[in-house]
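Chain lettering (A, B, C and D) follows the sequence in which the chains are written, and residue indices restart at 1 in each chain.
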Amino acid sequence: MNETMMFEKVFRDPIHHDIQVEHPIILELINSKEFQRLRRIKQLGTTSLIFHTAEHSRFGHSLGVYEITRQILNFFTRQYPKDLLGDYGWDDTERLVTLCAALLHDVGHGPYSHTFESIFKTNHELLTIDIITNEETEINQILKKVSSTFPFEVASVIQKNYPNQQVVQLISSQIDADRMDYLLRDAYFTGTEYGTFDLSRILRVIRPHKDGITFNASGMHAVEDYIVSRYQMYMQVYFHPVSRGMEVILDKLLKRAKELYLIRPNYFEKSSPLMVPFLKNNFNLEDYLDLDDGVLTTSFHMWSKSYDPVLSDLAKRFLNRKPFKSVAYTDETKKELDLMRELIEQQGYNTDYYTAEQSSFDLPYDFYKPSKENNKTQIELIQPDGSLIELSRTSDLVASLAGENKGDQRFYFPSEMLAIKSDTYTLFEDDMETFNNMIQNGAIKKTKEVNTHDN
Amino acid sequence: MNETMMFEKVFRDPIHHDIQVEHPIILELINSKEFQRLRRIKQLGTTSLIFHTAEHSRFGHSLGVYEITRQILNFFTRQYPKDLLGDYGWDDTERLVTLCAALLHDVGHGPYSHTFESIFKTNHELLTIDIITNEETEINQILKKVSSTFPFEVASVIQKNYPNQQVVQLISSQIDADRMDYLLRDAYFTGTEYGTFDLSRILRVIRPHKDGITFNASGMHAVEDYIVSRYQMYMQVYFHPVSRGMEVILDKLLKRAKELYLIRPNYFEKSSPLMVPFLKNNFNLEDYLDLDDGVLTTSFHMWSKSYDPVLSDLAKRFLNRKPFKSVAYTDETKKELDLMRELIEQQGYNTDYYTAEQSSFDLPYDFYKPSKENNKTQIELIQPDGSLIELSRTSDLVASLAGENKGDQRFYFPSEMLAIKSDTYTLFEDDMETFNNMIQNGAIKKTKEVNTHDN
Amino acid sequence: MNETMMFEKVFRDPIHHDIQVEHPIILELINSKEFQRLRRIKQLGTTSLIFHTAEHSRFGHSLGVYEITRQILNFFTRQYPKDLLGDYGWDDTERLVTLCAALLHDVGHGPYSHTFESIFKTNHELLTIDIITNEETEINQILKKVSSTFPFEVASVIQKNYPNQQVVQLISSQIDADRMDYLLRDAYFTGTEYGTFDLSRILRVIRPHKDGITFNASGMHAVEDYIVSRYQMYMQVYFHPVSRGMEVILDKLLKRAKELYLIRPNYFEKSSPLMVPFLKNNFNLEDYLDLDDGVLTTSFHMWSKSYDPVLSDLAKRFLNRKPFKSVAYTDETKKELDLMRELIEQQGYNTDYYTAEQSSFDLPYDFYKPSKENNKTQIELIQPDGSLIELSRTSDLVASLAGENKGDQRFYFPSEMLAIKSDTYTLFEDDMETFNNMIQNGAIKKTKEVNTHDN
Amino acid sequence: MNETMMFEKVFRDPIHHDIQVEHPIILELINSKEFQRLRRIKQLGTTSLIFHTAEHSRFGHSLGVYEITRQILNFFTRQYPKDLLGDYGWDDTERLVTLCAALLHDVGHGPYSHTFESIFKTNHELLTIDIITNEETEINQILKKVSSTFPFEVASVIQKNYPNQQVVQLISSQIDADRMDYLLRDAYFTGTEYGTFDLSRILRVIRPHKDGITFNASGMHAVEDYIVSRYQMYMQVYFHPVSRGMEVILDKLLKRAKELYLIRPNYFEKSSPLMVPFLKNNFNLEDYLDLDDGVLTTSFHMWSKSYDPVLSDLAKRFLNRKPFKSVAYTDETKKELDLMRELIEQQGYNTDYYTAEQSSFDLPYDFYKPSKENNKTQIELIQPDGSLIELSRTSDLVASLAGENKGDQRFYFPSEMLAIKSDTYTLFEDDMETFNNMIQNGAIKKTKEVNTHDN
C-alpha cells in the first residue's frame, strides 16, 4: 500500500487554521533564503511598540495571502469553470502563476519599510520584481524550473500588467487576498476585534468576471462589513498617533545617520557595516537582502553609544520606546507651529530632529475610494440580471466612508515638553508653560483661545 | 468635574483581553529600558521557525504573568481575606511585591536562552536577580522608590526564600501564574488548541492556604485539564523534533564561534563586537543587556560571510532555516550511533559540529511530578473537611502522566544524509545507502533488522 | 477554618464566561417559577427557523443583561464613586434595584411575542410590571423581602420613571445592557460575526453623568463599532425575509384560530385549552404564565389535524417550516399587488390568510436615531473639557446609518406560486406564468418592464 | 451568462461555519416534516436546565454529523481514492448513502429520549429505521427517488450491517462523525472548553482502511486529545449530578402518569391527548412523530393542576426546576440507603417517587474501551510500515482512561431533606438531623463515622 497519495504539506496558522501547500514549487519558494528572510521583518513595524503582541512577521502574512488565494481558486474552479462560462469563468491553468504571485507579492519588503524607503529611496515593489527576476536569487532559480519565462509572468502579475486581469485583481485590488489576510492577521495579533470580518462569507460570494473580479449582490453586506472593518483598523491601529510618534523617531534617527555618514564614514563602517551601502546610497540586491529588523536595531545599539549626542539620543529613544508626543492641528491652527518650534528650540532641541509634522494620509494605507479613471480597482457587485453596480452606490455605510478623507495631521515633539514639575525648575519653565497652554484636548487651540488664556 | 479618578492604564492583550496596570510603579517598570528589551527576545526561540506565528516576545508574557497574578489577588482579597481567615487567608499588603515579582520574574532572560546559557554559562535567574538589585539599572531605581529594601524583597520572591510562601508559589510552583500564562499564550501564537485550558475556572478554585496555594477539590477537573494541556503542549510544541534540530545548529554555531575566537579574536571584534564579551567569557551586566535576538542574527549575517567554512555554513543554515534531521534512538539502539557518525564523517562532515545526541528531557520543561522531598511545589486539593490531597492521588489522568518520563532521545545530522539521488551520484553513495537503511519509521532499526537487510 | 467566605454562585455562560450571582435575592429571583419559565421561550422566535442554532431562550439573555449591568456597576463604583464626584458619580446604594431591574426587564415576555401581542393584544412590558408588582407571584414575594416598596422601585426603573436616570439608562437606552447582551448573544447563537463588538472596550469608556449615562470621547470608535454591529444584525438577522415569512404564517394561523373560536369554541377547549383564555380575550396573569413556546406548538399539532382546512394547513406550514415566499416592492410598484393577489386567489388561496404585506419597519427593532424631543436616549460622548456631543455629530459612519430608514417592504405569498413544473400542469398555469413574470431579481418589476416582457 | 453553476445551499453553523448541502436529495430530506421535527427536540434534554445555554436541538447536530462526514469524504476522495488504493481506498460511489445515513442517524429520537425510552419502552434506533423504511414518511418517499432499495441501504448503515464497513464506521464507531459533532457542539452551547479538540487535525489524519477507518500514527496526539476531551465532557457535563437529579424527577413523573392512566384514563385523554398512546402502550409511528419537548412540557403544565398530589408536585418540580439533591455512595455505604429511605418516608414522602438510586454508568455514554470481541469499533492507528496498533497501547493517557469504569453512584431525594431551620421546627426534626449527619462531603459516611458521631 502506498503511503501518502498526493503532495500536501501543511503549515498550522491561527488565521486560516491550516495553510495547505499543494505544489512542490510553492514549498521550495517558501524554503528559499529570500523568503525565509521575511521571518525577520515585522509586518507592522513600529506598531508592535504600541500593540505589544503585534510582533508577527511578513512571513506569515505571505503564507496567508497564498492560502486565501488558493481557497478562492478552489471555489472558482468548482463554481465558475471557464469551460462552462467562457470569459466569465476561471481558467485553472492560471493557478500556479497566481499562487506564486500571491506568495511572493511582498518578498521585496525590508525592515520598517515605510520609513526606510523614504530615507534611503528604496522601493519594495521594484525590489520584489528584482528578487523574482534576478538570476542570482534562489527564488528566480526555483521559478525557472516551471519555464524560462515564468519568473516574468509572476512579476507581471505583481506589476499589474499580466493579461488576465482576474489574476491581477485577486492579488491587488480594493478587496484582494493581500488586504483580506492582513486585516484578519493584524486584528488577531493586535488583539483587537475591529479587523474581524466574515472571510468565509466573502469567499462564497466572490466570482470571476469578464475583466476582473466581482461579488454577488447577495453578498453586499459581507463586503460592506469588510470595508467597515478596514476603516476601523485604520482608525484604531494603523493611524495610531503613538505608533506614528515612534516612526518619527526612526525617521529622524536614520536621517541623522545618513548625514553623519558624509562626515565620518569610518564610524559607520565599524559600528554598522551592513547599513553602509544604504548610508552611502550605493547598494545592490545582496546588500538589501542582508537587512532585517535585527540588523537595524543592532545598529541602533551601536549608535546609542556614539559620539554624536543626537544620534545617540534618538537611538536610545527608539530602543527604549520613548515616543514623541503629538498634538493634532488643522489648516487653521497650523500657523501656531512656528511658535511651538521656537519654544522647543529654546529648550535646547534641534527642531530638525526633534519635531515633525505628520499626516495620516501619508501612510501606506488607503480608504476605499471608487474612481472613474481607474475602475479596475473599485469593488463591483453583480446583480442577478448580470449588470454591475459599484459598491458605494448601494451601501450607505460605504458611501459615508468613501466620501472624504479621514485621518488627521499631527505635530510631534519630545515628551519632555509636556512635563512641568516644580522640583525641576529651569530658566525655561515659562516657555514650557506657554507651550502647554497652546494645547487643549490633544489639539492646538485656536489663536483666540490662546489669547483669552493670556489675559 | 475631575477627569479620571483612579490610576488605570490598559494594555490590550489577546490572551487576557486587557492587562490593567493599576499602580504607577508597575507602569514605570514596564517603561524601563531593561524591561523594554524583552520586546526583542522571542518567548519560544527556535520554535518560531517551526510554528511560524509563534513570534511573540517575553515582553507580552511578562505582562501576562502580571495580569494573572493581579486577577488572583483580586479574588483572594474578595474571597479569602487574612483578617477573616488568619494564616489561611491572603494579606493584601503583599500585593505590590507580588505584582512586581510577577512582572519581573523573566527580566534576566536573553536571546535563545536555553542554548546561549549552555554555551556561555550565563544564568537567567541570577541575571534577573542582578537586574533587580544592581544599582545601575533603571528597574532597581524604580523599585527603590517603594523602599530601600524593596528590590531585595522582590528578588527573594523570585529566589523562593521570601517568608510568605503564598507569594512564592503564585510565581513559581507547578501551577503558577508563569506557567498558566505561557501555556495559553504559546497556544494562541502557535495556533494549536492543545494549550487551551479554562483559566477562569482555575481562577475561581485557587485559594491561599497556611503555607502556600491550594485548589478547591471541586475544581479537580479544571486542574486536571490544565495538566493535560501542559502535557499536550510539551509533546506537540516544546519537544518538536525540528525545533530541536534548529537548536542543535545554534548550539554548534555558537560553540564554533567560541573556539575560533581563541584563535582570531580580531575577526569577531570587527564582525560582531557585541558578542565579544561572551566569546571571551568576560562580560558584565551592561554587556548582557545589550544582547537581543537581533544582535545574534546580525552576528550570524556577518559570520555567514566568514573565512571559516564551518562557521559560515552553520550561520547560513540557521538564518535560512535548514534544520538538521533526526532519528529517534533507544538505549538499545544507541550503539548504532558510532557507525552513523562514521558514515557521516566519510561524507566530509566534522561530526563535532554536524551531529548531536539530544534528549527532550534536557529541555527546560518539566512534567508534573509530585515529590516527597519538595512538597511545596506539588499541586494539592483541599477537601470540604479541610484536608489536603495531592492531585495525582485523585486523578487517574494526572497519575498516568506523572508516573514516568515521557519524551525521546534523538540523533541529529545534516539533512543531506537522507538525499540519495541518481543524478548526484558520488563515490560515497554506498555509504549513504547504508546510512538510510539503518533507519525505519523515523527511528534507528534494531541490529537484527539491519543484518537481515544486509543479507 | 470557614468554608466559603462570601456569597457567590456562578452560571457558566458562553458570552460572559461566568455570570456571577453576588446577592441571595438575585439567586432567589432566578429560581422563581416566573423566571424559570423564560427557559421555555426562545429569544428570537421564528428566527431560529432560519438560523438553525439560534434556539437560545430569554432566560440566558436575562442573566446576560444582569451580568453586563453588574460589570458596569463594579466599574462605576471603582472609577466614578458618588462620594468623590457628586451628581456626576455613581451611588452604589442603587446597586440592588438596578441589578433586579436588569434581571427582570424581560420577564413578561411570552412565546413569539411580536406576533402573539399583535393578535391577542397582550403587552409584555405591562406584563413585566404586573409580574413584579402582583402579590400572587413568587417574584413579588422575593422582592418584598428587601422592602415593601422595593417591587415598585424595580418596576419604575423598567417604566423609566425611576428618579435616578443613570439607573434607567443602564437598562433602557440606545446602548444599554439589554441591547449589548442581545447583540452579542444573538451573534453567538446564530453563528454570524456581525453582532460582535468589543464589549470590554465599551465597559471601560462608559461613565455616569449628571442626568444619565455617557461615554468618554476616547471611546468613540468602540461605540461606533457597536452601532455598526447593530445595523448589520438588523440587516442580516432580524430583518431576514424568510424569518418574516414564517412570522406571517404564525400571524395568519393565530388570526384564523381566533376567528374560528367565535364559531366553535368547543373545538378549542378540547384541543388547546391553554390557548382559550386568549382566543376568547379574557385572560389573567396566571393564564399568561402558563404559556410558552411548547404550549403554542402543541396547539399547532392539534390544529394540524383540525376540520378547518385553512387552520390545519397553516399549522402544518408552521410546524414543518414551509415559509411563505416574498418579493420586495416599492411605493411605485405597490400598485401591482392587486393583480398579484388576484392571481393567487385564482389558484384557490384565500388571500386574507395566504398573502401579506409586511415592512421591516414594523419589527420591534430600531436603528439609532438621535432625537430632539427625547434626548435622554441618544448616545452622548463626553469631551475632555466636560462638554457633551451627540454621537452622530462626530461619527460619519453613525450619521450615515441614522439619516434615514433602512429596511424594506415585502409582499408574502405561498411558495407554490413560484413552482411551475410541466409535470404538474394545471388549468391555471397561465396565471402562474403571469405571476412569475411580474417578478425580477426578487422584486416586483416596474410596469414598463412587465409590458416589455409581454411583447 | 448562466447564474449559479452547481447546486449549493449553505446553512450557517457556529461549529462548522458553513454546512454545505451539495445534493438536492439532502436538501429535501432536511425539509421533510420528520426531520424538521428535530428542531423541537433538545439535544441534551435536562442538561439544559444546568447549563442554561445548552438549548440546542437535534436538528443542528444532525446537520453537523452530515457536514463532518462530507468533509471526510472530500478528503478521502482527494487523498485515498479507491482506484489507486483498492480495498484500502475510498469508493466515492458510496457518497450519497453515507451522507444520508449521517444526516438521518438520529431522526428517530424523541423528547428526553433516555428517560422516555426507559418508561415507555420506545427505542430510537428502531424508530430511526422505521422512519427511513416506512412508506408513510416523507423521508422514505424522498430516499426512494434514488432507488427503490435506497432506504434499506441507508437503514443498513445505521444498523451496522452495510457491506462496506468504512461507511458504517464513519457513522458509528469510537470516533465517528456523530461523536465528533456532538462533543464540539455540546461544548459550544454549554460554554465549556472541555469538549474542544482539534477537528481539522483529525480530519487530516483519518483514512480508510481495508475493513474500516484508521488514523495515521502521526496523528496520535490529536486522537488522544479527542479521547481526553470526551472524558472531560462526560465528567463535567453529561454526568452532572444535578442534571441527573432532574432526570430522576422526569422519570418519576412519567412513571406516575403511566400508573394513574390505568385508573383514570379519562383524565389523561382530556389533559394530554398526545401522550395517551404511550401511556396506554399502544402507539404507532404517527403518534411518535407528534411528540416533541413542547408536547411533554405542555402535558406537565396540565398535570401540574391535576387532582393527584404526586403527579402535580412532580410536574411542578420539573417545570420550575427544583431538582432532587443527591449523595454519592459506594458499594460499602450502600447499606445505609435503607435507613435514609426510612427517614425520608417519615417526612411524608412516598419513596417510590421521591427517591432513586442512579449510576452514571446507566447513562447513554461510554468511555473508550478497546475490546477483543468487537475490534471493529476500537481506534486503530496505522504505522508507517502499514501495521495497525490499538490506541490505548501507544497512549498512556488513553490507557489510563480505558482501564476501568469512571463515574459514580448517587442516591437522590427531595432537597427539603437538607433544610433544617430552627424557625421551622417540626416533630420530625430529629429525623432530619439524623439524615443530615449521615452525609459528609457530598457522600454517605461510612458507618463507623456515623457511630462516632452518635457518641
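The definition used in the following text is that a residue touches a chain if its C-beta (ideal position, glycine included) is under 8 Å from a C-beta of that chain, and two chains touch if they have at least 3 such contacts.
Only a predicted model underlies this, so the values are computations on that prediction, with no experimental measurement involved.
Here A-D and B-D were compared by C-beta pairs in contact; the pair with more is B-D. In this assembly, D is the chain whose CA centroid lies farthest from the centroid of chain A.
Each chain gets one centre point, the mean of its Cα atoms, and the points for chain B and chain D are 43 Å apart.
Chain geometry summary: the mean Cα position of chain A and that of chain B are 32 Å apart. Here the spacing of chain A and chain D, counted between their Cα centres, is 51 Å.
Within chain B, residues 17, 192, 384 each touch two or more of the remaining chains. By the touch criterion given at the top, residues 192-194, 196-198, 221, 224-225, 228, 231-232, 235-236, 383-385, 396-397, 399-401, 403, 406, 440-442 of chain C touch chain A in their complex.
Interface residues of chain C facing chain B in the complex, by the touch rule stated above, are 1-6, 8, 10, 17-18, 78-81, 84-85, 88, 200, 204, 384, 386. Contact residues of chain A toward chain B in the complex are 11-14, 17, 31, 33, 36-37, 39-40, 48-49, 51-53, 55-57, 59-60, 63, 188-192, 270, 273-274, 290, 292-298, 301-302, 316, 319-321.
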